[in-house]
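The following pair of complexes shares a single chain, chain A, combined with chain B in the former and chain C in the latter.
Our next item is the complex of A and B:
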């Protein structure tokens, strides 16, 4: 028995039912199971269980997010010093980015977890791990200079109205991180308007437009090179800029089988084909490949569209779901000049349609089953 | 015919049964109605009554012809009742001298009806179970097919050929009798593992032989029915376990009624593994005392996937021929969700152990996490070899949507088919219980009863 176990044993009675601190039991339980694996053993059904649990799944996603996060922090500093016309070392850039990121992530977790714990207490269940990833993603998809109070309100709104009112993690039909972003996007358009929403430097002296905004305004000559787009030394949100870091995350997610590769593949295919079609039709100066490398497309495909709860639940439905996200994202980008970042809206829209896709897939399967059984009977 | 099962999972454990055959010293026998699914028992004996092998102990309240017979000669010591006076267990004191056999004149049944009557009267009928529901079938009904799964793919399960050692003729006679029982127009399917020594089963006459390849649940009768003759609404299929076929065969071949069977004692926490020959219900506490040194172990009647904890009455269940002894878990680990996990077993690839190709693990009964709602929606389908949507079926069962359950194909599954889903689920959902409750709801609905 280690020290934490001893402390836990001593503290547990103070949070029992009837004691004044009982209202904090979900918090105690969350910290307890955070420090030590739960002591529960199987009671009914299978006697052994897989070592994986939701905490492990969530931490795997967070590890997969880390390359993009670290690169994004460094890039934040790099872009800052670049726009100031200053030279700066690697650690300086990273530190600058870290200091920008830290308040964002603290505000996100405090605001979101408060709502989570209140609901866990009201409903009498444990604090679900789902928010750890949500809270990790939110600072990565927000403009770094967004006011903190806005982040707090957006996070609380997302957790409350996109998740908890429907019953918590597992019952939500919208991706909470995207809802938080959409909330800022639509509630405070004056602060972060459509075309500068992904820009990191709005508060600094020189504003650097994202490549996406540049392309959509038709200023293709100012576009960074494809290499810059891949590596990610471009202005943008923390998470989205480096495509290589995102791919690294995608490899981790696919390798560990935490995220579904079908969705990632079909989003990319959908985006690529639509981008190429619109390019050849002359509606957009941007080719299909460039679409993939710009904005939050890849980040959305890898980390947001693959959310297992809000995506379709059937395997074949995942292909349709992904394809439609890819197509819609590019269509929104090209056709709607006001909102160049179509990925968020495309994923949210498909989140809403996912149950419908599932419904159709299930009923096709049921019909197929009936045909199969009757065919079997004829054979016999 | 040959079938290949692709989706599934073999869980490797140490402690397979060695080929030693022993007989335990027991003087007590526990017969529990809960071994028979959804049977409401009406006792036919009182404490103090003398019983012999084959004499009825209790019958089903719904069909009094279905009786459960005493597996031993002796006297009823006590009828233990639990909540609402439901019978929990009948305890029978027995003398080792007259333990196992009772001789009859060899019965000569002429038709299906007579076979059924003889089996019912001697307590052999409960060996037959039906799908859907895995209950004892109505003696007046006949199935469209009968399945005998001649291999068990569950972890540490004993080889069927070993269980049947020396009982080949009884097995053949049992199959012949069962064919006569269900009628010549209905098929008997014998399912074997491909690439195993199947000589014993291949010489069975006039049955349909099938070969299965692949991981567990290839040996589950549910998987085999699904592949060979899927069940539609209103149809039934019967299944009998190979040892029980031999027990039925022994009665009709020599007139010997005996509920003796081989039970494999397996598991990493046993000093010596091996086979024990005993009637069902025999008290196992002497074996456990001898073979278990560690106190913190779990004794399971059956395998680790579908078995039941052995608690108050130390015996093996009616349909089980395996006992598994496993270490009880519950040790807490500091930030275990973050550590690389060199020794963690997982079907997912989220632990480092998978990266290094580690194959054998020390398993225990730890739940490894807290219960959550469904989150990972694609994990069940990787271990579920049915043309059925597992997540949707579970949801239909939870929401008690009977129409949806039927359409998705609940008649084809049983709780044991969802055991692997339950094992790999990161949300620690109790899939088997959900399916069992769904089936119960459906059965009540079909019979026009209220829950």
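Our next item is the complex of A and C:
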């Protein structure tokens, strides 16, 4: 029996029903099950046995996010010192990024879990694990210097209106992390768009435009090299810059079968083809390959579009869903200069359409099979 | 008397009957147009109810909708002209939505459900209260949207400038129609949970 277990055992009676602290039981339960294996097991009606549960899936996603996170932290410090014209060592950069990231992540968890716990208490169930990943992703898709109160409001808004209103984890039809970002994007556009927000505390003279913004303004000659785009030493959100780290995460997700490779593949194909088409048509100076490497396209494809709750559930529906995300993201990027980050809007839009795609796919399949049944009967 | 107060809470046309939502989203970005809209709808709804109730026994049932539309549209044109004469700037702001009062389901609904089968005075009060119930929601939504979205109330800045210096910003999403939908949805939620608790 380790120390956590001892403390948990000791504290449990104070949260039981009838005791004054019972209203905090969901909080106790959330911490307890996060640290220790819960003692409740499924008692009846389960025919499929598997070691996987929601917590393990969520932890896998968090592990897959870690390469991008650590690189993003280092890059945050690197870009900061670069813009100040200072040389700095590896650990210094990492520490700077970590200190920028830490308040964001604390605020996100406090704000989101407060809403979750209020609802868990009202509805009398436990805090579901879903928020752990949401709260982990939100700091990775925000600009580094975003005011913390905005993060708090955006997170609370997203958890409340994108998830809890519809019944909590597993019932949301929009990705809560993206809703939080969209909230900041529409409510406070000045902190999340433009050239100056992507490098933390940059010197004024330096333009911190992301490659995406540069390309959309037509200043292709200032674009960083393809190698820089791949490694990720470019201004941007914490999560999105390094494509190599994201691919590493994608490999972990596909290998553990936590995320669906069909969605990732079709998003990439959709983006690539649309990017190439628009490039050939002369509407965009950016080629299809470069589109993939710029902005949050890959991060969205790997970690956002594959969210098992908000994506389509049918296998062939996943191809349609992914393709449309890829196509829409590039179309929004190229045609609407006001919204350079089309990935967020494309995924949110397709989240809304996912149930419709599922409905159509299922009905087409049923129609096909009905014919078979009637033929079969005639032969008999 | 209780019957007439229903539209303000438990029979609210927007929150319970989900009628007239469209204009509730469009005119609530600021408090002033919302109040003007409220008054217009109250007048149109009350007077239309009164007129229809007065002639209810002479309207042939088969053409009653046409007669109702005629009365309502006449009233709306009068209201529109008055608004243009008295509060021209607000009338500009409301633009097409004054004209669209004709198609506001609350008014047709009250004519059909109440005025056609009740005496003039109760009909008048009923129209007034339904307009007020509609307006109550409009004013609540507009209050939050203007306060959080523009930092003003009735065009007067109410959020102290010290807040802005400390880093506070107006919420641009509040100005956009989707937020009005979410606010109306939240009010519906509060209303429903009140009903469940009452049971």
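Keep in mind that, in the parts below, the second predicted complex is superposed on the first by the 350 of 380 C-alpha atoms of A that agree within 3 Å, B and C clash if a C-alpha of one lies under 4 Å from a C-alpha of the other, contacts with A are read in each partner's own complex, and residues count from 1 in each chain.
Note that contacts are C-beta pairs under 8 Å (C-beta built on N, C-alpha and C of every residue); 3 or more make two chains touch, one makes a residue touch a chain.
Model, not experiment: these values are computed from the prediction.
Undergrad: Is A:260 touching anything from chain B or chain C once the two structures are fitted on A? First, second, both or neither.
TA: In the superposition, A:260 contacts chain B only.
Undergrad: In the superposed arrangement, does A:147 touch chain B (first), chain C (second), both or neither?
TA: Second partner only.
Undergrad: Tell me which partner A:165 touches in the superposition: chain B (first), chain C (second), both or neither.
TA: second
Undergrad: Applying the touch criterion given at the start, work out whether A:186 contacts chain B, chain C, both or neither, answering first, second, both or neither.
TA: second
Undergrad: Between chain B (first) and chain C (second), which, if any, makes contact with A:60: first, second, both or neither?
TA: In the superposition, A:60 touches chain B alone.
Undergrad: Please tell me which partner, chain B or chain C, touches more residues of chain A.
TA: When the residues of chain A touched by each partner are counted, B comes out ahead.
Undergrad: What does chain A use to touch chain C in their complex?
TA: Within the complex, chain A contacts chain C at residues 147, 149-150, 161, 165, 183, 186-191.
Undergrad: Within the complex, which stretch of chain A touches chain B?
TA: Against chain B, chain A makes touches at 2, 4-5, 33-42, 44-57, 59-60, 126, 128-130, 167-171, 255-258, 260, 308-309, 311, 313-315, 318, 362, 365-366, 369, 372-373, 376-377, 380.
Undergrad: Where on chain B is chain A touching in the complex?
TA: Contacts found on chain B: 11, 229-230, 232, 298, 300, 304-307, 309, 324, 326, 328-338, 341, 344-351, 363-370, 372-378, 381, 387-389, 391-392, 407-409, 415, 419, 422-428, 430-433.
Undergrad: Residues of chain C touching chain A in their complex?
TA: Residue list for chain C touching chain A: 167, 169, 171-174, 176, 182, 185, 189.
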